[in-house]
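A, B, C and D label the chains in the order they appear, each numbered from 1.
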Amino acid sequence: MIIVLKTGATEQDVERVSELLRSKGLGVHVSQGIEKTIIGVIGAKERVGELAVESLECVEKVVSVSNPFKLASRDFHPLDTVISVGNLKIGGPEPVYMAGPCSVESRTGMIEIAQRVKEAGAHILRGGAFKPRSSPYSFQGLGEEGLKYMAEAREITGLPIISEVMEPETVNLMVDYVDILQIGARNMQNYALLRAVGRTQTPVLLKRGFSNTIEEWLMSAEYILSEGNPNVILCERGIRTFETYTRNTLDLNAVPVVKHLSHLPVIVDPSHGVGKWRYVTAMSRAAMAAGAHGLIVEVHPNPQEALSDGPQSLTLENFENLIEEVNRIVRVLNPEVTSANTNQ
Amino acid sequence: MIIVLKTGATEQDVERVSELLRSKGLGVHVSQGIEKTIIGVIGAKERVGELAVESLECVEKVVSVSNPFKLASRDFHPLDTVISVGNLKIGGPEPVYMAGPCSVESRTGMIEIAQRVKEAGAHILRGGAFKPRSSPYSFQGLGEEGLKYMAEAREITGLPIISEVMEPETVNLMVDYVDILQIGARNMQNYALLRAVGRTQTPVLLKRGFSNTIEEWLMSAEYILSEGNPNVILCERGIRTFETYTRNTLDLNAVPVVKHLSHLPVIVDPSHGVGKWRYVTAMSRAAMAAGAHGLIVEVHPNPQEALSDGPQSLTLENFENLIEEVNRIVRVLNPEVTSANTNQ
Amino acid sequence: MIIVLKTGATEQDVERVSELLRSKGLGVHVSQGIEKTIIGVIGAKERVGELAVESLECVEKVVSVSNPFKLASRDFHPLDTVISVGNLKIGGPEPVYMAGPCSVESRTGMIEIAQRVKEAGAHILRGGAFKPRSSPYSFQGLGEEGLKYMAEAREITGLPIISEVMEPETVNLMVDYVDILQIGARNMQNYALLRAVGRTQTPVLLKRGFSNTIEEWLMSAEYILSEGNPNVILCERGIRTFETYTRNTLDLNAVPVVKHLSHLPVIVDPSHGVGKWRYVTAMSRAAMAAGAHGLIVEVHPNPQEALSDGPQSLTLENFENLIEEVNRIVRVLNPEVTSANTNQ
Amino acid sequence: MIIVLKTGATEQDVERVSELLRSKGLGVHVSQGIEKTIIGVIGAKERVGELAVESLECVEKVVSVSNPFKLASRDFHPLDTVISVGNLKIGGPEPVYMAGPCSVESRTGMIEIAQRVKEAGAHILRGGAFKPRSSPYSFQGLGEEGLKYMAEAREITGLPIISEVMEPETVNLMVDYVDILQIGARNMQNYALLRAVGRTQTPVLLKRGFSNTIEEWLMSAEYILSEGNPNVILCERGIRTFETYTRNTLDLNAVPVVKHLSHLPVIVDPSHGVGKWRYVTAMSRAAMAAGAHGLIVEVHPNPQEALSDGPQSLTLENFENLIEEVNRIVRVLNPEVTSANTNQ
């Protein structure tokens, strides 16, 4: 950490700040520039982070030099983390495609869609049983019944399943049903929930909050990792900006940035990211070209009848076409990928 | 709701959309413009909200004409809601000032600060016992022990207390201690938590998420109201923008907008809003001049020793000065306010 | 400037960077932390700013410690700048109110509105002759004819006039007519224009770009100041965020921040800032309470007939009420203000 | 345009608004919903755009149904526009790569880099002669001398050249030297400049302002088109968000959106978009996969010596690698592209 003093700071000011730092057991390194005096703080990251020297009148600003995340950082774990879900590998050279409806709507519908997305090339089945909806009057999901339908679809198709968990109390229930727990964007900083999933060993797909920085996202991963669950998959799903033609702004820059800063796999959700089915295929191609480890896509056999998120859902035909296009890109970028992750 | 068809939409397209709407029991009103055909949808708000016609190829966009919130809306409840906390009224002409440290740190510290903020003019004591921290390595609060210290400070000073609740499971515990439950910005869309506090009758201070629209904020209030708790206080605490001189951008525009759209009281948190103590007093004056019903301010006797949020905490001297300045504005804008809400 | 090296940087890396710095005549100060090595760069701000060491593989990030602006900075000029326009003082304890229509529309209309806003308490008459419109098909202003009408209104009422200049070529023409040149938000980084107005001595009202940081705004002021024109007035007019209930988000935080960083006067434009007439008075009160030196407000005798920006224009009745309310706040915050800047 | 009246609007209100519309020669279509009355306005887009009915007390909001751009719209011009620059086609199936240094720095340097980027596969040479810099103390470019060096590099290599024009007065000078005029992000709404380039027939690369919506961008294209220059190339270069790991957030969503709304070619600038050389190649791959018609990339033989934008410039080696990777994607997405646009 570096402390920049205000122009005109006196020697007494420097001494006062240094004193405070030393009293916390930290090292001090004063550097006198032409206009500014800066003080380097030497010590363990955790203790430095707690300092509130910015509240001193003579301090202009405080600049952090280390990243605040540790277990999530590539400095700490240089090699890519690869997470196993059954026979699938998430985070390796083979891409992973997750697909399914926004909400589980019926038993037969779920089974049918599972079969269809599998045929089209999906590896994992998504579906919402507990739905976070901005309106209390909107369809809130089928709850445990929905999980049962998903589990049945898994039995028939062999596809592992992913579904969103919304509160600490239901983590144990969810773990009995799903192969991957999803933390939604609105819960990215729900620390009680992060801790609860961190106490399991079930893989967790952690969506980036729509207004969270990459650093905050990695800090939320750190919560899960620090509780003992190493199986964290990051998922970029669009951030909020001033643009209104798209529902969100899918931030693909996050893909190479996260791969540089962290060892965790990163998946892209183009459906929420752009919010209109018309642009989902183009953004899926772009995501894979940017280096994403996979996609999670909303697919519905009849989008205009969907109980939620119809406008961003692909038809099965469009989804087949999407898989075909992204696979072409994956193969050309990584010629060793002779066979994609099998979904058989 | 209005459906705008794409340029070149045919009569068959119009018929197809109309059919779909009628099959859901909705009324249809077609209007042919020079360039565009639009279809007005007539029916109950809740059913219209579930439609996914945007997924049809011939539809260009869908525009909502009603606000999606109902119980929170001034259309539904034209008069201002005034919430009683002991003898205090929140939402009436008298302003309410809440003050205290970010975190409860010790028993004696809490009692001392309670006495001091009361002397300075505060009506309610704030303090964090369960702390949402972006790092798992930061101080996470004293938990129930902290609540006990706050309750003791209330006994001594008579000030009601407010503290943040972070998970549904602790709502019952919190209700035994605090006079107002706070929902933090990061939990504004934690629907399980909103429902849980909605099932109590304890007043709830609902902070706006730092990247949530005013509409989403009112929808989160709707969650609490629709569970049966009418005592919701809104709190603006800064939104996230590209500006970096301030920690957030305190959005005071939200004050008159919310007062126009809703009957609920609105309080401003300038400490998180701007994030630097130096600007807190100016923004407090501005908040009250914009029409806020009160303030919630971080005060610490020794900010550079604070275990959290030191840089934005006021000293007691600065807080006294703040109260003096905002009271001058309140009195001049509302001459009937002869005596502010008493804190005796 | 501080250079933070990547974790694992070697001594050779440190030497390589130091070498590069010394070759540019800069001083070097190496500081070895527990996780990171940082290098302090000592030398004149201008030369340091040109370095591109971030492109070296071993460099993680570069942190600037000085503000990049100089003439605009309070470090350089500790006392408030007060700018004279006729008998008016802008930047002193007396507030200055500028009012008038978005566009000059007719001769008689301009004269009438000038008389009416003067009666209501305005000190300066605003009006657009050259209009920046996002559509080429919208009304583009009356041009020089509009300036003539404004000048005539000045002759009759005695009110100084302000109008926007849009291109370097018309600066000389404008200077012959107006008392204050306005640089619009969209031109805040039109450097050719900034230089051109910097070569006059006419006061310049510099609007903040709707997506510019405070630092960039002060750098644009620096362009004008560095050409020799010391008469720069800053104007906050709303920034672009994700919120859609308001046209922009008026950023009142900028008022105390700018007053801390700079000596230049700061004026607020609530009309563009919030974009709906209904909220203009509340935000005007807030702006003055935050410490603004004045306001610039759109007023139109008949807003629904305005050729531009009708939805945010106040009627004359509402403007009278606004002045009455803000003056109460100004007087109570600054009791020495016995008489406001006279507009007689 | 649709006018939504406030809940509780009376028949007189409806009549009053209708009257106003009819008095402007517009058609009126009233539709009574359960909660809201809406009024459809029928008439030519330009006249509707000028209405200010939002200023009426009974009006809640006004919703536009048509896009405000016309010549830029795909409705108006269904087929893709393909722009010829010498033998190159911009906007067709063959991608176009523009590369070169941020600033022209010297004659020999320019010639050398031209030869090197041509060898690597670039089709067009970029370089800044007039530089928009946020600081008046930064290097401002070599001016006309820089253009001469570029022209000489063109003579030697055969590569057409592109450079930024900053003010209307220099348009004529620039046209004598360059093959494509660039409008920078900061000047996207400098209407005098847009008009000036619109009066030439030289192709114009129009960068999106870093905080402008796609609609505003297309409206700026409309300014150029409506003056008679049909040769507009759009360029996405990153928008401003709250994220700080990247300099801007390259908004690739804009690529498919713009291709849907407009017939104009769209090029991506990953160098400014992400602002760090480390991520430029990944984002270039993503841009081409999203469907961009080409790239504009900053390349410098020795980035740490660059006079501007060093941190985002690629070395020549990295640029060669970039071209190799994006070409693989282009060929696999569009197998008919047997030979890319030749740069011989």
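By definition in this document, contacts are C-beta pairs under 8 Å (C-beta built on N, C-alpha and C of every residue); 3 or more make two chains touch, one makes a residue touch a chain.
Just so it is clear, the model here is predicted, and its values are computed rather than measured.
Looking at which of A-C and C-D shares more C-beta pairs in contact, the answer is the pair C-D.
Of all chains, the one whose CA centroid is most distant from that of chain C is A. Note on chain placement: the centre of chain B and the centre of chain C lie 31 Å apart, centres being C-alpha means.
The centroid of the Cα atoms in chain A and the matching centroid in chain C are 39 Å apart.
Distance between chain C and chain D, defined via averaged C-alpha coordinates, is recorded as 27 Å.
Among the residues of chain B, those in touch with two or more other chains are 45, 211, 240-242, 244. Contacts from chain D toward chain A in the complex involve residues 211, 213-215, 239, 241-246, 249-257, 260-261, 273-274, 278-279, 282-283, 285-291, 325, 328-329, 331-333. For chain C in complex with chain A, the touching residues are 2, 4, 7-8, 29, 31, 33-36, 38, 40-45, 63, 65-66, 75, 211, 240-242, 244.
Considering their complex, residues 20, 45-46, 49-56, 62, 68, 132-139, 166-169, 186-187, 189-193, 209-211, 216, 219-220, 222-223, 226-227, 240, 276-277, 303-307, 309-313 of chain B touch chain A.
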